[in-house]
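In what comes next, chain A is part of two complexes: it sits with chain B in the first one and with chain C in the second one.
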Partner chain A sequence: MPVLEAPQAQAQKKIALVGNPNVGKSLIFNHLSGSYATVSNYPGTTVGVMRGKLKVQGVQAEVVDTPGMYSLISITEEERVARSILMEGNLDLVIHVADAKNLDRMLPFTLQLIEAGFPLILCLNMADELEQRNLSINKEELQKELGIPVVLTAAVTGKGISQLKAEIQKFNQEENQREKDFFPDAFKSVLKEIQSNLKGTYPIQTHAIASLLLQEDIEAVRWVKENDSASFHAIQETINHAKTLYSHSLQYELALSRQKEVERIVNNVFVGESSKRTGFAEKLSQWMMQPLTGLPILAVVLYFGLYKFVGVFGGGTLVDLIEGGLFEGYINPFLVNLFEKIIPWQTFRDLFTGEYGVLTLGVRYAVALVLPIVGAFFLFFAMIEDSGYLPRLAMLVDRVFKKIGLNGRAVIPIVLGFGCDTMATIVTRILETKRERVIATLLLALAIPCSAQLGVILAVLAPYPSALLVWVGVIALEFLFIGYLAAKAMPGEKPSFYMELPPMRFPKISNVFLKTMSRMEWYFKEVFPLFIFASVLIWVGQVTGIFQFLVHSLEPVVQALGLPKEASVAFLFGFFRRDYGAAGLFDLNDAGIMTGVNLLVACVTLTLFLPCVAQFLVMKKEHGMKITLGISAFVLVLALGTGYVLNKLLVGIGWSF
Partner chain B sequence: MYLTDGAEEILETMWISLEEKDQTFVSVDYIKEIEKDTHFDELVQFVAELVEKGLVVKDEAKLTLTQAGTIEGKDMVRRHRLSERLFEDVLQIKGEMMNEAACKMEHILHKGIDENICTLLGHPQICPHGKNIPVGRCCEENRKSSQKLVTSLAESPINQEAKIAYLHTDDPQKLQKLMAMGVLPGKNVKVLNHYPSYVFQVGHSQYAVDKSMAEKIFVRLI
Partner chain C sequence: MRCTLCYKEFDEVEARNHCSACFLTSGCKMIKCPNCDYEMPVESAWAKKVINFFKRKKGKKHVSH
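For the complex of A and B:
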């Protein structure tokens, strides 16, 4: 009896977690694998695929966490990723993670998975919310209806996880892979007829292929064309005939009949009256979505969250403490001293503790300037993310975003961009069309300053409030104007907006903490080597004289913007990382050689400036070299052009701060 | 104007060819093909009836509609598609059966009755097959009227309890997405917001959609 219990020698088993967005797959994954994926309260955060080793005694397996998908028929890029894992993964077990309180919406997908013949466990998560609403599910009855194991869990508190693990241990693949379907009689004969023509080998059971064919699934059609080219015509005939029997598309009819079956099952197993969403959370949710109250709420969130917390606290207080106190006061003098003793050669000593040394510059920037700011941002982002604010913000800005060729959903990558544009560029995958993804990527590269940059800019411009306002105005205008032009220049399908609004809830401190840590870890892994790399590169450049040459050749460009020629160093740094450049600005400001206008022009130009090396690489991966080079060239010209015009304008009207 | 049922069928076929498929004329052969269940002699009689009443002009084997014929044809099509809507939405009859019933029904719905039914259905714009229902006088008058039985989610009043009647979209992806989110006929739905985007609740879940999506969801007010 092939049970999912692997003897040592046997090949590793494969387990996949699938389910709708926002049901807690990532948390379940964390419990099962012991590592953590980021958890969030908005759909579509897991854009990459997380893999981990299963932590269940006696079972050797790899667990895969997939992006959210609503049904076997996939639409977006992320759903295609999830589906390809299902279809081509040779899975030994699929765990369908579902939201227990929305059983009626979750079951259609469960039925599809059963029909497709996957070895399946249904994990009804968020069972704690079920209890809060005085609802309950008759687990035994549901198991009988579906013919598969069902487990109730609350991943947030860890309740039910041990039962889930026990089910995985005793899972019997054969017993759970019987042919079973929930099609109404009217469709059964049609499906049988198609099935009789499917002779080739397929990754899933043929009656699931038949149902996908009826729903005109492109990939299924391709498979059948390849594997059963001889009978493809006959199959097509059967489908065309079936179409004439119904007034709607077969897809619609199948979904309807599946829904009927689901309703029957739900009525059997669901106990309790559905309660209404009321109370303060619901009111707050309404306020967030009305422009009259929503915009002030947004302003408050931005002011306290971004400005006060990330900018003033992270970029000011924390940076002063770590950079000014710790590094300048103790660490740097100590290191300089130490290296003077152990390395007698000035040139090599500079590599570590020189003006641009790996330790005195690379590590100091990363740890003392960037980390506190980015950390503060990720904490802020995790809070608003977990509270359910983002989808409501998406709803609020949808109309404006439509004008720039995007839909409201794009607020997620855009807001995340204020933390890290590189991370945000990856998250643009949640957008449905290529056009939207390119526009969002362009706007992220151009007009969205990342938190490190933002923190430094806020700190630098804080003494000049009116300059700060001009900076915000110029960047916002550029964002809208270029977005508008991009939408005009790139023809394509108009984006449509739809999003689930999860209930407003008070963020769980443990979740927020976990999420912040995991993002900071990602960021640190991403950014730290680059800082070190940049320091080494600058050192090499300095030793060979290339650095001085580049700084020198940038001087006329910088001077054209009215800036002192020393600022060219900051601009050169900006090529490596935006925040690196901004941090260079911080030093210049400390040196006191910049006027208010200088600072404003430099801040605007550096904000719009080329994306950092990491973002450049991610852009190339997502969109290819051609688009990436195009965007970069465009951004460079626009940044310098804007800086030039702004400087002329401010000097022309004699503005000083 | 009284017409025999057969003549009405021909008028309907002609209007669809000329107005919706942008043909310049309809050939007798085409009519023969469409109405293949009717004997050719009968068809000749029906055409003669239409020519006599000044609705159709016959030039050898080419048929065209006169101005009066165009108006009459449009009404015919309207009555047919309204009947379909009636069977589908109110009487919940579907598929082949609906087609047959609608074919008979359309001949009974003469001026006045069709307007009543149109009003009852909330002046629907699309038949169950996704074709446009020609606009009647009652529709124009009631375009902005308040109480409708069946209306799109975009026009459904805030906090009004309703049931999803049908989804109408030419875009199968949108349809899939709506259905996957649990937006399915028969479900209870309530609109919570109209501006800046639409928010509605199905079961325990709330969704935000834009206007173009909200217009695809038709609900029966309860």
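For the complex of A and C:
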């Protein structure tokens, strides 16, 4: 019996519109409800929900426009609200509004909704844009595949809305709600076993509850604890056993199998050229995540992106032009002359134009040295981000990271560490356990150079490719070895990781420009005042003699590393900020007082060297003084120890670059 | 705005509430994606103006054709 008919005989029905943000849900809502709608906050939240009366002849129903959601596993407050409406709303019909152009990204959620047993209509919106691209969807075939009604609409023009209304009128809830799932056979037995233990009453089908349990959904766990407390332990054992059968998390494995099913359906129903394009992008995406192909791709990206572009072009060509040509050739001589005329006292003149003056050192470091290098780095980084490569990199390194007590999720703070280690230390909060947070903080403090440091190191070692390879080898080895030891010293559960993959795409110029400029602006605003402050601090130190004392104190240490005593200045700068220390190293290289071995040893030691003051303070705030002092002492000893051994080894075997 | 890592759209104001517990919140120029926790700087106002300027120019060109 069509349940949405006979308004006189039945109470008001409830219909919900669900779907990703920006798929035209609100426009569909307006078409269905007319102009009368109310907006109210969902109880206990600040999320607004639109409600209206359905304007379809013969059907009396309330229609709700839910906030955007991507899957039944909710993360944001909006998604939680949308899920609550779905789960607790006693809905008579759910309309999944999806973007027809991106069927492969939309269908995983449709499959979830079908598995959960919601009475469902799939509304493929933006069909006009699909047509503009000479694409089409075989609607009948898709209906057959999914077992639910499918309607193609273009909400902007109103096309297809009448068909949608007709589908609502004739919707048969009982026929639509039969149990259906898209799980692969490997999961079916596990799901059946869990399902057999679910005896209580749930808002959705029990096999969907079982699937949510496999994905460690917090709310599903709570429901089962409340409704089936007696069998919860047995369910947990089944899940734990299932976890041992797969190398990745169950959430990832389930999503992967669902995506494969989606690909099969999409290939079956999509008509047009785009399937070929999707095919290559999908293949590339898979190659990026498989170790055998992913590692060579990573090597190519790092070689051209970091070495050639950031190191050789940014740190070499650009810096030569701005620092060597503009600042050393014109700006600094002009400023020195000017200040000689206007400030007769040498001591005060030094504050502005001395060896470590605010203008001749602070401004030059910030504008002419660090900014071109981080600019090149941010441009490279923005292209990587916009292409969708980062999440695939996370999947690639997930297995390796598990060996060092982390998982693919730690790629986020580690990658951000290449921008700024201080910020990345705060971002370690996103990691689930304290163990992961401490390991990631240690590795950030030890082996992750910030963008400016990385750029300068790439620039100064660029003329010596074999030295650069040794530097990469030593840092990577220490990162993995110390991570491995830390994971052994702090045993704990292997954290699971899953990340939904956005589509691969060509970076858009406007996106790359906006991201690069936003980062450069942020970095410059942060770094400029600090560089000026550092110059003033050095000047005060020079006037009082503290600076010379500290430099002299460090001289025996740097000399033990085989470095000229002048290198102690760069090390002292490094205590203040990593990028400032790196800029000091650049000056030493420019002065021509470092050999190839010296440069390599200095680069390795400075990369592994103590975190800067800001990172130290953030570490203390995040983990307390004891852990921070422990990490700092360990990092200091390891950095100097590695530098010492490396120098002895290179000199011993007579290696020269 | 759109997250540069997971590519999901989110509301900037909502994202600010998401990290209100952070001790560096006041004056922080970073935005955290509520979906994947990736952090990115607040979009540069002048860079957005430049992009809009070129978009408008492109739009006018299309109209005149």
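Convention: the second predicted complex is superposed on the first by the 379 of 657 C-alpha atoms of A that agree within 3 Å, B and C clash if a C-alpha of one lies under 4 Å from a C-alpha of the other, contacts with A are read in each partner's own complex, and residues count from 1 in each chain.
To be clear about the criterion, contacts are C-beta pairs under 8 Å (C-beta built on N, C-alpha and C of every residue); 3 or more make two chains touch, one makes a residue touch a chain.
In this text the structure is predicted, and so the values were computed from the model without any measurement.
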item	value
Which superposed partner A:Ala255 touches (first chain B, second chain C, both, neither)	first
Which superposed partner A:Leu213 touches (first chain B, second chain C, both, neither)	neither
Partner chain in contact with A:Ile331 - chain B first, chain C second, else both or neither	neither
Partner chain(s) touched by A:Phe497 [first = chain B, second = chain C, both, neither]	first
First (chain B), second (chain C), both or neither touched by A:Pro291	first
Which of chain B and chain C A:Pro391 touches, first, second, both or neither	both
Touching partner for A:Leu640 - first (chain B), second (chain C), both, neither	neither
Partner chain in contact with A:Tyr70 - chain B first, chain C second, else both or neither	both
Where chain A meets both chain C and chain B, residue numbers	70, 75, 391, 499-500
Chain A-facing residues of chain C, complex	4-10, 14, 17-18, 22-24, 29-30, 34-44, 46-48, 50-51, 54-55
Chain A residues within the chain B interface of the complex	70-71, 73, 75, 101-102, 104-105, 108-109, 133, 216, 244-249, 251-252, 255-256, 259, 274, 277, 285-286, 289-291, 391-392, 394-399, 402, 407-408, 494, 496-501
Chain A-touching residues of chain B, taken from the complex the two chains share	84, 88, 94-96, 98-99, 128-129, 166-167, 172-182, 184-186, 192-193, 195-197, 199, 201, 203-210, 212-213
Residues of chain A touching chain C in the complex	21-22, 46, 68, 70, 75-78, 382, 385-386, 388, 390-391, 412, 416, 423, 426-427, 429-430, 499-500, 502-503, 510, 513-515, 517-519, 521-522, 525-526, 618, 621
